[in-house]
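Which chain is which? They are A, B, C, D, E, F, G, H, I, J, K, L, M and N, in the order written, and residues in each are numbered from 1.
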Amino acid sequence: MDIITLIAIASIVTAGLTIAIGGIGPALGEGRAVANALSALAQQPDAAATITRTLFVGLAMIESIAIYCFVVAMILIFANPFWNHAIAASGG
Amino acid sequence: MDIITLIAIASIVTAGLTIAIGGIGPALGEGRAVANALSALAQQPDAAATITRTLFVGLAMIESIAIYCFVVAMILIFANPFWNHAIAASGG
Amino acid sequence: MDIITLIAIASIVTAGLTIAIGGIGPALGEGRAVANALSALAQQPDAAATITRTLFVGLAMIESIAIYCFVVAMILIFANPFWNHAIAASGG
Amino acid sequence: MDIITLIAIASIVTAGLTIAIGGIGPALGEGRAVANALSALAQQPDAAATITRTLFVGLAMIESIAIYCFVVAMILIFANPFWNHAIAASGG
Amino acid sequence: MDIITLIAIASIVTAGLTIAIGGIGPALGEGRAVANALSALAQQPDAAATITRTLFVGLAMIESIAIYCFVVAMILIFANPFWNHAIAASGG
Amino acid sequence: MDIITLIAIASIVTAGLTIAIGGIGPALGEGRAVANALSALAQQPDAAATITRTLFVGLAMIESIAIYCFVVAMILIFANPFWNHAIAASGG
Amino acid sequence: MDIITLIAIASIVTAGLTIAIGGIGPALGEGRAVANALSALAQQPDAAATITRTLFVGLAMIESIAIYCFVVAMILIFANPFWNHAIAASGG
Amino acid sequence: MDIITLIAIASIVTAGLTIAIGGIGPALGEGRAVANALSALAQQPDAAATITRTLFVGLAMIESIAIYCFVVAMILIFANPFWNHAIAASGG
Amino acid sequence: MDIITLIAIASIVTAGLTIAIGGIGPALGEGRAVANALSALAQQPDAAATITRTLFVGLAMIESIAIYCFVVAMILIFANPFWNHAIAASGG
Amino acid sequence: MDIITLIAIASIVTAGLTIAIGGIGPALGEGRAVANALSALAQQPDAAATITRTLFVGLAMIESIAIYCFVVAMILIFANPFWNHAIAASGG
Amino acid sequence: MDIITLIAIASIVTAGLTIAIGGIGPALGEGRAVANALSALAQQPDAAATITRTLFVGLAMIESIAIYCFVVAMILIFANPFWNHAIAASGG
Amino acid sequence: MDIITLIAIASIVTAGLTIAIGGIGPALGEGRAVANALSALAQQPDAAATITRTLFVGLAMIESIAIYCFVVAMILIFANPFWNHAIAASGG
Amino acid sequence: MDIITLIAIASIVTAGLTIAIGGIGPALGEGRAVANALSALAQQPDAAATITRTLFVGLAMIESIAIYCFVVAMILIFANPFWNHAIAASGG
Amino acid sequence: MDIITLIAIASIVTAGLTIAIGGIGPALGEGRAVANALSALAQQPDAAATITRTLFVGLAMIESIAIYCFVVAMILIFANPFWNHAIAASGG
């Protein structure tokens, strides 16, 4: 069980859990925001423009948190500096 | 228990848990959004066009989080760079 | 405890847990959506067409998350690339 | 503790937990859907046909998730490819 | 600690936990459904026929999930293919 | 620590936990059903016959899940096939 | 650490946990039922006879689940067949 | 670490946890029942006799579950058959 | 690590956890009861005598559960029969 | 790692956890009671005397549970009979 | 890893966790009390004197629980009798 | 792994967890208090002076719990008596 | 398993978990804020300017917490002082 | 696995978890405060100045808790006294 294997396993497990756990919050938050947006639309259809614009800004900010997690997961899989260092060190 | 086995096991377990855990949030969020959409439709049938359009945009954004998880799971199963490296290293 | 056994065990356990855990969210989400659909139908029977159509679209998107989990579970049981590689490597 | 034993134990435990854990979500979801259906019937008896039809479609979709879990559990017990392979490999 | 013992222990523990954990969801779901049925009956006694019929269909579907768990538990105790194989293999 | 001891311990622990965990759901579900039944009786005393009849049917179905758990626990304690086999095998 | 000790420890721990965990559900369920009974009595004092009768039937059914747990705990302490067998086997 | 020590430790820990965990449910259930009783008294002071009588019956049944736990804890500390057997066996 | 040490440690840890865990339920239950009592007093000041009397009876019953836990903790610290036996056995 | 060290560590850890865990319930319960007291005062300022008197009695009973935990923690730190015995036994 | 080190580690970890865990309850309880106090002030500004006085008494009692935890943490860090004994015993 | 290392690790981990866990309660409590303060301001703008003054007193008391945790964390990092003793003992 | 490997694994796992766990709170908080913003817009469209401005300030403050976590994760991956020290120490 | 490695690992893991766990509370608390601020603005636009001022003071106090966690995390990464001591001790 050499260095490369351990780093690879840690990267694989962490990448998966990062996006899996990190996606729970944004998904629930967006679901709540969208749900209230629909209620708001039903209550005040005349303000649809303001409501949808505010909704999209909010969704973008919430989605950004999921994006952070996705970016970290992708970095761990495809641009992992520790892995690159280990590969370089092992002459691989 | 050589390198390939360990990476394979880590990939299998992580792939499954990623989509399993990562799917809880989006499913609950979408359920909430759809539920409120239906209430909104019942309350204001005249705004059906705006409501369904906003709903589908919101569902798309929430679904995207589940897609991230699915993509990571698929990458871990079918395009795993660590696995490819290990196979190449072992001459397999 | 050779390679094949370990990969088989990991695949079995992961496949089961993937569909089991991954099914909690969609089931609750669909339950909520259906429940609100029925309340909406009772409140506004005239909008039944719009409500049921929106419901089915929403159920389809939520169900898709459960399908992802089922697909991953089936891949792990019947089309597992790591298992295939291990079988091939062991001459089995 | 040979290969067959380990695969058998993993299959037994996973089969049980799959249907046990996987049944929580659908049961709660269906309970919610049925509960709201009854409230809806009490509120709008005239829409009984639409409500019960929508309810049954929804229950079918939620039940399908429990069916997925049951199918996976049955596959693990009675049509387990890993078990079959192990039996064949051991000449059993 | 031979093969038969291990399979027996796994079967015993899994059988018990399967029906125990798997019974939580259906019990809560049925409780909710029955509770709402009673509220609905109190609110609209004239629709008693429709309500109780829908209730029983719903209870049957929820109960079916508990039945799945009970069936799996019974299979593990009384018709366990892995146990039968182990008994046959050990000449027992 | 021979075979009989292990099977006995597994049976004892599982029997206790099965009825303990499996009783939580039915107890909560029945509590909810009874609670709503009383509210319904207070709201509509004239429908007492229908309400109590529906309540008892519902309680019977919920109780059946607790019965399943009790049956499994009793089977594990008093009619355990694995224990009987082990006793027979050990000449006990 | 011979057979008798292990079985004794397992019985002690299981007996305690069975009644402890198994008592949570019934206690909460009965609390809910009694609470609603009191609200119902305050709302409709004329239906006191029906309400208290239904309450006692419901409490009896919920209490029965706690009784199951108590019975299993008592069996494990005072009429444990595995303990009796071990005592008999050890000539104790 | 002889037999007596192990049984003593198991008895101590189990006795404490039994009453500690087993007391959570009854305490919460009684709190709920008393709370609703007070609300009911404030709402319908004329029904004080019926309400307090029903309350005390209910409290008695809920308390009985805590009593079961206390009895099991006391049995484990002061009338433990396994301990008595071990003392007798060790000539203590 | 002789017998006395182990029994002392088990007694210390169990005594602390018993009163700590066992106090959560009664504290929450009493808080709820007192809270509703105050609301009831504000709603119906004329029934203050009945309300406070019922409250104190209820608090006494809930407090009794905390007392059970305190008694068990005190027994384990100051009148522990297992400790006394071990001290006597070791000639201490 | 002699006897004294082990008993000291167990006492330290248990003392801290006892007051930490045991303080959660009373704090939440008192918070709830105080909160409702303030609402009651705002609703019925004329009953301030009765409300505050009842509040202080209730707070005293809830606080008593926290006091139990504090007493046990203090006993474990400053008047621990097991520690005293160990010190005496070791001639310390 | 001598006695002093172990006691020091146990004291450090316990002191931190005591105030961390023990602070959750009081903080939430005080938050709830303050929140209701503000609502009460907005509803009945004329009773500000009574409300704020009752609030401060309540906050003091809730804060006292956090103080208990802080005192125990400080005792464990700066006036730990077990540490003092160990230092004295080791001649340190 | 000498004494200093162990104490350092325990201090680092405890300091971080103390402020992390200990900050959850105050943050939620303050959030609730501020939220209700804003609702109260919107409902009764004329009482702004009393409301904000009461709010700040309450926030100060809640914040004090977070301060306790921060103080303990800082003591563990920068003024740790156990660390100082160990440094002194090791001549460091 | 040399120093570099261990620090690399700790950094990978911590980086992923930091952004994953740390993103749950902000996502839920922002979802709640956005949801209420939409309800507020529907209720008072004339105050859209004030509402959206306050919303964006609030979202910025909540997002800042997610940014802290992201910054820590990025520091751990790309600017880890411990890793740099280890690389320098190992001559890498 | 020398001293430096262990302290480095503990610092990395603790730093990440501190800001991750410590950020959940403030994020939820701020989300709640902002959400109610928006509702308050929609309800009473004339009090916008008071509301936003109170909101910002409250957010600052809640944010301060997250800042504490961030400061501790930064201290652990960049100004860790234990690390500095270890580096100095090892001549690094």
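In the analysis below, a contact is a pair of C-beta atoms (placed from the backbone, for glycine too) under 8 Å apart; a residue touches a chain by one contact, two chains touch by 3 or more.
Only a predicted model underlies this, so the values are computations on that prediction, with no experimental measurement involved.
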Those chains which touch chain L and also touch chain A: none
As a multiple of 5 degrees, what angle does the CA superposition of chain D onto its copy chain I give? 130
Chain I and chain H are one sequence twice: same or different residues at the contact, by the over-half rule? different
Whole-Å distance, C-alpha centre of chain B to that of chain G, is 43
Can you compute the centre-to-centre distance for chain E and chain K, using the mean CA position of each chain? Integer Å is fine. 46
Please work out the Cα centroid separation of chain A and chain D, and write it as a whole number of Å. 30
Counting only Cα atoms for the centres, state how far chain J is from chain L in Å. 21
What parts of chain D, by residue number, touch at least two of the other chains? 1, 11, 13, 15, 17, 19-21, 24-26, 28-33, 35-37, 39, 41, 43, 55, 59, 66, 69, 73
Arrangement of touching chains [line / ring / star / complete / other]: ring
Ring of chains, enumerated from chain J in the sense that reaches chain K first: J, K, L, N, M, A, B, C, D, E, F, G, H, I
Chain J contacts chain K in the complex at 1-2, 4-5, 8-9, 11-13, 15-17, 19-21, 23-39, 41-43, 45, 48, 52, 55-56, 59, 63, 66, 70, 73, 77-78, 83, 87, 92
Residue numbers on chain N that touch chain L, as the complex places them: 1, 3, 6-7, 10-11, 13-15, 17-22, 24-26, 28-33, 35-37, 39-41, 43-44, 46-47, 50-51, 54-55, 57-59, 61-62, 64-66, 68-69, 72-73, 75-76, 80-82, 85-86, 89
